[in-house]
Amino acid sequence: MSFNHRDEHVDDRMLLVQANLDDMNPEWISFLMDKLFDAGANDVYVVPIIMKKGRPGIMLNVLIDEDRLSAMEDIIFSESTTLGLRYLHASCHRLAREFEHVETKWGELTVKVGYHAGKLVQFAPEFKECEQVAKQYGVPLKQVYEEVRLQFVKRHI
Amino acid sequence: MSFNHRDEHVDDRMLLVQANLDDMNPEWISFLMDKLFDAGANDVYVVPIIMKKGRPGIMLNVLIDEDRLSAMEDIIFSESTTLGLRYLHASCHRLAREFEHVETKWGELTVKVGYHAGKLVQFAPEFKECEQVAKQYGVPLKQVYEEVRLQFVKRHI
Amino acid sequence: MSFNHRDEHVDDRMLLVQANLDDMNPEWISFLMDKLFDAGANDVYVVPIIMKKGRPGIMLNVLIDEDRLSAMEDIIFSESTTLGLRYLHASCHRLAREFEHVETKWGELTVKVGYHAGKLVQFAPEFKECEQVAKQYGVPLKQVYEEVRLQFVKRHI
Amino acid sequence: MSFNHRDEHVDDRMLLVQANLDDMNPEWISFLMDKLFDAGANDVYVVPIIMKKGRPGIMLNVLIDEDRLSAMEDIIFSESTTLGLRYLHASCHRLAREFEHVETKWGELTVKVGYHAGKLVQFAPEFKECEQVAKQYGVPLKQVYEEVRLQFVKRHI
Amino acid sequence: MSFNHRDEHVDDRMLLVQANLDDMNPEWISFLMDKLFDAGANDVYVVPIIMKKGRPGIMLNVLIDEDRLSAMEDIIFSESTTLGLRYLHASCHRLAREFEHVETKWGELTVKVGYHAGKLVQFAPEFKECEQVAKQYGVPLKQVYEEVRLQFVKRHI
Amino acid sequence: MSFNHRDEHVDDRMLLVQANLDDMNPEWISFLMDKLFDAGANDVYVVPIIMKKGRPGIMLNVLIDEDRLSAMEDIIFSESTTLGLRYLHASCHRLAREFEHVETKWGELTVKVGYHAGKLVQFAPEFKECEQVAKQYGVPLKQVYEEVRLQFVKRHI
């Protein structure tokens, strides 16, 4: 079964994979997260936790399609120090997503838009583009965001 | 199916709804949490997390009855910036709960009591009442708690 | 059903038990965690969270075999202040584990080794032994780890 | 010495007061924070920490004018469980602040504006007013923010 | 200069030593903390932080008398992986402390008492003794605390 | 005054600059951190905190030379949403640092070495080089670290 990610849908075949890391060099985490994203993880995030004997640890969370479990496990076991992991069944509800383009003083920029039940509920400037503009033109990033939001809101009022 | 929340019970029809928020003004969180509680959430809490590209984020957690999923989703999509959410099936085990009243120097105050397998295992002064007394009489909150606990313990020895 | 924990396996009969604690003396947490480990919990960890009214709280997590639920609940209700808990079904994937011994300047020390699909992917000096050596010989703990790892790696190249 | 808080200034007579709390009911924290704000603290915030024996604790931070130290200490010792506290000397650099008013579909709303070296660098809708509008008119809080920001940005372009 | 720690006092010769650890096995933290306490640190605690490139790290905090700086630095550089540390001058305000003993059903137990300006403001059962009783008599730790607090409060009313 | 950063030294002219951010899009944090590093900050890190009204916030920390205060403030006020910041005087103790090169199966790689009082106390493979090797050769990052450490330790025994 496959989804058109442009349409709002619920996907019941997701897994939340978790591993508690208490003896791992934290420098390796970002490398591991990137590798999991590259291999198709829907989301990856870490949570600071307190483990056995009061040790500060890190709980890795990887949200994936069931079909990818084996590939993700290979990465986690190769790139982390864990001797085990656990997974829980989850359902994901994703909004319909579209990209709109708005004209700004730095050229055309993209806005990611989310629809729930056909109604526009979210919109967010594309981070990478705004970051690129901020660097290229030497303007504060928040000013770029503000301009993109302004142009988007003006069109949709 | 409905439960008498005064009796100890296990409710297998619960959902834990989660959304990771990395581009949202944190000022809006308490408003969102209040709104979810008002709409019948059993519990709402947030967890500081680290997301893609090392961004500090906030994971929203909402524990609800399965029947309320749609109403809760409407609130989350309206009041947060997320483009998706996930949910996991959960069972809740709730103790039998009763309210007792104890006499204190500031009048009668309430204690919430929890029973597990018929045995008193928890008791807690009602926060709002104690806070009210502390403000009205200008006494430390911890002193109010101490007095309420003393009166409760003396009765139950 | 029982597992030979020396072999790599997936155990689908696990529960992740969670309780949010917002009115409990944090001093009691380590006592509670020890007691849960002693009673057979596979893992116990806590997560700092933000609860109702912005209160800093602690989420207790206990990973257990389904059969132990009742015993674990007794401990949680006795030793914490919670009026309820929740649990989610989980699967645990555990690597094959073996213990090897390496010769060091402070005597023979143990390395825990993990195998995934028959391939050595993890190895870790035993913390307690290294800690004991560090104390007895007055050397830095990290130096003991380094030595144990060196001896292990040299053998496996 | 007193400052006109409407002008940008540096105040070198500040103290950052800290207390580590590991045996205190977290329910009392918000009451304590409110009381410190009422007594004139410039800022109050708490940090989740890990203390002796791996206990999860809370570090209270109170930023105050040196002259208020004694009054703040009285509150901290009365309302928390700590047997000691520490303080560090700090300097505060505060932007010039002004309030502007913008016309919206829900009436006039306030924007807090910050100037650094005479240049407008910050602006933020007043949370309480926006929250009030969101409740009264049944609109999402983020929509109120968006409208206030739009009106402000349009005026300042 | 030396203090009688039984009297309330302010000590202006304290240092808060901090080191950010982002490439260190978290297993070593508790060993390091114990060693710092053994060497005379007044307090040791760690804070979960996010470092360069979004790496989860741990900030070590050690509160010490100025005279101990060199000894503490030796431990930190030996037992952690840091290439540097920083310290800030701090003042510690410590309450007058006394130990009282109360009679309980499990024998005499100790209460640590704190006085501010001659007034009793804090009291806390000794954790280690209560833990010992809980283990020896098989009673919940919180019940031991409750009993000790009850006996103390009854005497001081 | 300037330091040869290859020699162990204490620098007493440092500032720890802090700003609490509770109304800022967390997406902007990594951009801000990069910009502060580029402008010469010695270290930048963020701490999850709980602010007024229980809002989850982020405390920005920037460790800098006193001379850079004004330049850093310009960046913080431009790229964040804060209306103020604070700074505390700090001393930094930095180890003598050298770079050594070791031969591995993937070519020569660098190890950063730290000396305290003339004694080698720290060594760490260069993250960027190891990451590059891991990507280029398709080997686990931890295996690259292990190899570099092995070669370094063998030489220094």
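To keep things simple, chains are lettered A, B, C, D, E and F as they appear, and every chain counts its residues starting from 1.
Basically, contacts are C-beta pairs under 8 Å (C-beta built on N, C-alpha and C of every residue); 3 or more make two chains touch, one makes a residue touch a chain.
Not measured: the values here are computed from a predicted model.
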Show which chains lie in contact with chain B and also with chain E. A, C, D, F
In steps of 5 degrees, what rotation angle do you get fitting chain C onto chain D on the CA atoms? 180
Report the chain whose mean Cα position is at the greatest distance from that of chain A. E
Is it true that over half of the residue numbers where chain A touches chain B are used by both copies, so same, or is it different? different
Taking mean CA positions as centres, which chain lies farthest from chain C? D
Listed chain pair A-F, A-D or B-D that repeats interface B-E [over half of contact pairs the same by residue number]: A-D
So what's the Cα centroid distance for chain A and chain C, whole Å? 28
Centroid from C-alpha atoms only, then distance chain C to chain F, rounded to Å. What do you get? 30
In whole angstrom, the CA-centroid distance of chain A from chain E equals 39
Going by residue number, chain A touches two or more other chains at 23, 25, 27, 30, 46-48, 50, 53-57, 78, 81, 88-89, 127
Spell out the residues on chain D that touch chain C in their complex, using ranges where they run on. 22-27, 29-30, 46, 48, 53-58
Across the complex, what residues on chain A touch chain C? 20, 23, 47-52, 54, 57, 59, 73-74, 77-78, 81-89
Which part of chain A faces chain F closely enough to touch in the complex? 25, 27-28, 31-32, 48, 78-81, 127, 131, 134, 140-142, 145
Would you tell me which residues of chain B are touching chain C in their complex? 14, 16, 30, 33, 37, 43-48, 61, 63, 88-95, 97, 112, 114, 116, 121-122, 124, 127
Chain D partner, complex, touching residues on chain A are 50, 53-56, 146, 149-150, 153-154
